[in-house]
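What follows is subunit A paired twice: with subunit B in the first complex and subunit C in the second.
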Partner chain A sequence: MIKKLLATAALTAIMAVSAFAADDKPAIVFDIGGKFDKSFNESMFNGSEKFKAESGVAYGEFEIANEAQREQAIRNFADQGYSPIIAAGFAQAAAVEKVAKEYPDLKFAIVDMVVDLPNVQSIVFKEQEGSYLVGMLAGMASKSGTVGFVGGMDIPLIRRFGCGYAQGVKAVKADAKVIQNMTGDTGAAWNDPVKGGEITKGQMSQGADVVFAAAGGTGLGVLQAAADGGALSIGVDANQNHLHPGKVLTSMLKRVDVAVYNVMKSGKDGAFKPGIQALGLAEDGVGYAVDDNNKALITAEMAAAAEKAKTDIISGAIKVHDYMEDNKCPVE
Partner chain B sequence: MDFSLLPEILASTIRLSVPLVLACLAGLWSERSGIVDIGLEGKMLAAAFAAAAAAAHFQSAWIGMVFAILVSLGLALVHGYASINQRGNQVVSGVAINMMAAGLAVVLGNTWFKEGGRTPALPGSARFLPIDLPGSAVLADVPLLGAIATIISGHSIITYVTILLVPLTAWALAKTRFGLRLRAVGENPHAVDTAGISVALLRYKAVIIAGILCGVAGAFLSTSLSASFVRDMTAGRGFMALAALIFAGWRAWPALFACLLFGFLQASGNYLQGVHLGGVEVPVQFINMLPYLLTVILLAGFIGKSIPPKASGIPYTKDR
Partner chain C sequence: MANARGELPTWVDIGLIPLLNLFIALLVAGLVVLIIGENPLEAMWIMLKGAVGSIKGWGYVLYYATNFIFTGLAVSVAFHAGLFNIGGEGQAYFAGLGAAIVGLSLEFLPWPIVIPLAILASILFGAFWAWIPGYLQAKRGSHIVITTIMFNFIGASLMVYLINNWFRPVGKMAVESREITGAYILSFREIGLQFFGVRLPSTPLNLTVFLAVIAVVFVWYLLWRTKLGYEIRAVGANPEAAIYAGIKPDRIIIIAMAISGGLAGLMAVNEVLGVQHRLLLEFAGGAGFVGIAVALMGRSHPVGIVFAAMLFGLLYQGGAELSFAKPLISRDMIVVIQGLVILFMGALEYAFRPTLAAIFANVED
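On to the complex of A and B.
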């Protein structure tokens, strides 16, 4: 009995020490897709790495392999006293909500979804604004007047990309046709490059010569099919211009790397603020990528038009409709 | 509805059907010998990874294909050993292969290429690219012939070989001594054993054929239809092939048509999103669901009866 008590005491002590040791160390739970998905998760990984390089503080990380691991992973970090704990992706909202309630003293952050708790920072992006700009570029680059959009899983968040894109296309070419397709209705839709490629071929056979992929790993199939078939493509989240140099028109950047970096930094400096952070063009949360790989594709005229629209969106002169406000899109 | 897209949809149907046909034939050979193969998905996935990894390393699609077949064969032999020698539960062994393949591919890919379980994008020279049949360009503008040329030309070598494999399988199972014995071993292994033929050897041969076919299917996914391996990229095609196998009643020609039907449903799902039929928008979810729905309806006895090989899934034990 005494032995048992001693053992328990020792265990508690060890746990207390480890909790203390992990104090103020941030942690991040990546979503399905993994931290090297060349897109959403990788961008966040880069932000975390930047924080580590600058501050010298190591962070905890976990790549989930299935749905059931979300809550486990977050709870595990909470048990060890990590704070802030960042959950990447809309699908982790329920898990964050549950664990954050149980650990009111720890700080949590979630990307792409809102969790309304006093110790959670919710980071959302105005994807419609960035998509609007790449839509304009697509509309101007298209010779056929038909452009495509390939979404991953059919969820309002992805519809928001598509809706912003369509508005941008129509802004420069009112009679342009935008073909919008979704890959599927389950998580598998993020990792099916074969299907993504077939959808892209389908859009190309209907005349599309610029295709925007907002579909995680599936998007790689879209970019490949477009490059094979002589069409242009648009990457998403991270800068994907380098995947097929000269064949990717641009990438719709979502600066999750900046967001993650800021959360980790604010956690370290004690400046962490709960609540909703909506990052749009004004906050440099979204944008489009121009680098050596696509410089030749973006003419001065296109760049000027996109920059002007950017200023107008920031000033409020152009209002980009957000699909998630009413689950409707004003343009087809 | 716009019928001008039909040739494109049919060409896409063929592309999407090829992995299904290959996996379905693999299942057919295996199950006809009495070995249930639920690990088609895992074998294809492992093969897809092996093909993409080897093709990226050696810059050759054919070397990728060799590795894909070897890896798939290895897994098939594991399944064979578990279910033939050890008389284990064949479903459990198949599921284990699926899980092992999904995990191993990502872990190895991450270790070798540091791209999160992906393999590097392959250049055209290391892929099985579409072959334009001679004369197809000339016919492109001829009304009906042009459409036919669109459908049958421009596929990779694997596609054309796959189409030949269907009559070959049907003939081998129906007319050759090996095929007849193989079917007998799936129906009544005791009788085969009494005739002095090794049940285990026949079943191993069937499992090996299944392994090779799954290897080709995997290589097709990662080095022909796409240009790299992405985790879980088989996306349930192995299970869809199993559904097709049941749908086809474990016969080769019907298997081809079941796979083409499922491929057509996928292709039209991709092309016809948001299309209106009779004033109602057809939900894509519905089209995506159809293959499985059809299989369930079939199994419920509405379309006909699908009778599996009698000894399928039952480990063979010699009478003492």
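On to the complex of A and C.
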């Protein structure tokens, strides 16, 4: 009896596994933040969901819980024949490199990092360009001449946001003061809205009247504290203008959702291309959000200046320094 | 703990009760799985099969267990001295610094020199990070629970700073050091390929697992076969009495904490030298905290810790396989299941004891 039960269970398990093994089904491995982080990962999750809704193709997904699972997750999907396999976040690079070498027939993609292999598409964003534009808007919207920046964890990626932002602010107000703070030194810094709010209040007490949050879930606290205290805030990654209508100046868009959607779609259509895709203003990979919620905050003059800078950055007339190039920022 | 023991036969105490608790925990976990609309039996089966049904599964289970044995032993040594070291996470994290410095800077030397040095450095760095709270407890009376948990955060801040500004190659996005290209600890997959010509599935399991076995024997020998071990246990049992026995509790507290930190530091050997071959951000990944549960469940005995570490390894690996197979069961669900196991096997360890004692009393009558 027990034997029979076990055999049935084993059979169901095998059937369950084989049902998953299908070619050309995409898979995505989310980073430690988890797919509901209201930011980077969630944006990618939305891109995947959009693909699923449009194409009707289910995708494989996994949320990492510890370092060892990165390789395990990517390898598991590769074993089952998923392709393309998308790795969310720069921390997955080593795992992607290792597994992609072992499965040259499968396609891989990584967001926020470059992995130089013939079957990997690397998608990186020029966050400094989008941050520059929102920095200009912040500089023009600020009456006090002091603006704030709240980062999540103190990592190079976030410094790149902060550096682009500071350059933008200084471009419109050379004597403006930019207060930069990071939330913390552990992964918890991405999801600590209370601390984000406290830092924002601290910056406001030093005179900041526009605060840019590049801090994942922590940013929600920044936006809240700014709205409560009568200051303006700037959202990040997704369009967060609707969170506090009329109180969020704009959002620095980083279209990871579009990137993920495109990878999945190109995989399905057989149009997948390996290599590096650096998405900046020219490619609409980054930008700033204007909608009904913040229309009144952006004057025609501000919009014109931002649009002009955008054209100049695309043409190369304005060069935004990338923090990652030399680990330095020309302005404070 | 000792006076809570009734008149139960040993096999009930160390066999039946843990199994019963595990069974109840899985039963409740099954109910949770049922509520979210999945078949609990199938879920259990996937977990079990994913963990122990293949060589790959075993590889991961033993790899996780290696980490948990180190951190579990660390907690237990401090516990025997009456200290609650909850800083295993920070001590392991900081120890990674030692492993990485030796691994990266002595790449030109052959492995028989580099590996022992790197292991020693991990132990010393981990021991140092526990020595400070130990010293503060012994000499200044700062409570060890407060200081060790604060040192977790100090360690985290320091490591982010160091990895960002010292170890990370310029222009690289990932917050990690460059790869250790010299000596590292071989994985079982590499050993299988190079020495036996067998292709094993790729798992993080590496030779550090034997270091864990050595550590288990070492802790057992230290605590129950040496003078120092006796002194540690004496201080833990009754510091006042220990003074009358000619033992200096201050000295023992500091030594016990240093040993505890050194054991936690060995976890860095597994991660930095064995698996990742680089210094990563937050590579400890919570294993330091799992060590507390492992030590409690294993009743601070090395053998118990091995079993508890294996159980947690099984839950980690089985849990990962489960969320692969069933996207509906997210990783947070897995944490719930693990939490239930800790609740019933740790906190409610003696919940069924009175009932069982009554039953056995009746049987004997």
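A few notes on this one:
Here is the rule we go by: the second predicted complex is superposed on the first by the 307 of 332 C-alpha atoms of A that agree within 3 Å, B and C clash if a C-alpha of one lies under 4 Å from a C-alpha of the other, contacts with A are read in each partner's own complex, and residues count from 1 in each chain.
FYI, contacts are C-beta pairs under 8 Å (C-beta built on N, C-alpha and C of every residue); 3 or more make two chains touch, one makes a residue touch a chain.
Nothing here was measured: the structure is a model prediction, and the numbers come from that model.
Of the two partner chains placed by superposition, A:105 touches none, neither subunit B nor subunit C. Within the superposed three-chain model, A:221 lies in touch with subunit B and out of touch with subunit C [touch as defined at top].
Within the superposed three-chain model, A:185 lies in touch with subunit B and with subunit C [touch as defined at top]. In the superposed pair of complexes, A:301 makes contact with neither subunit B nor subunit C. When the shared chain is aligned, no partner comes close enough to touch A:175: not subunit B, not subunit C. Judged by the touch definition given at the top, the superposed model places A:75 against subunit C, while subunit B stays out of reach. Once chain A of one complex is fitted onto chain A of the other, the partner contacts of A:198 are limited to subunit B, with no touch recorded for subunit C. Of the two partner chains, subunit B is the only one that A:38 touches; subunit C does not reach it. Shared contact residues of subunit A, touching subunit B in one structure and subunit C in the other: 34, 65, 154, 185.
Contact residues of subunit A toward subunit C in the complex are 9-10, 12-13, 16-17, 20, 34, 60-69, 71-73, 75-76, 90-91, 93-94, 102, 112-113, 153-157, 185-187, 324-327. Taken together, the subunit A residues at the contact with subunit B in this complex read 33-38, 41-42, 65, 154, 180-182, 184-185, 188, 191-195, 197-199, 201-202, 205-206, 217, 220-221, 224, 228, 243-244. Those residues of subunit B that touch subunit A in the shared complex are 5, 8-9, 12, 15-16, 103, 106, 110, 114-118, 121, 124, 221, 225-228, 230-233, 235-236, 266-267, 270-271, 273-274, 284-285, 288. On subunit C, the positions that touch subunit A within their shared complex are 41-42, 45-46, 49, 60, 63-64, 153, 156-157, 159-161, 164, 168, 170-176, 202, 204, 271, 275-276, 278, 280-283, 285-286, 316, 319-320, 323-325, 327, 330-332, 334-335.
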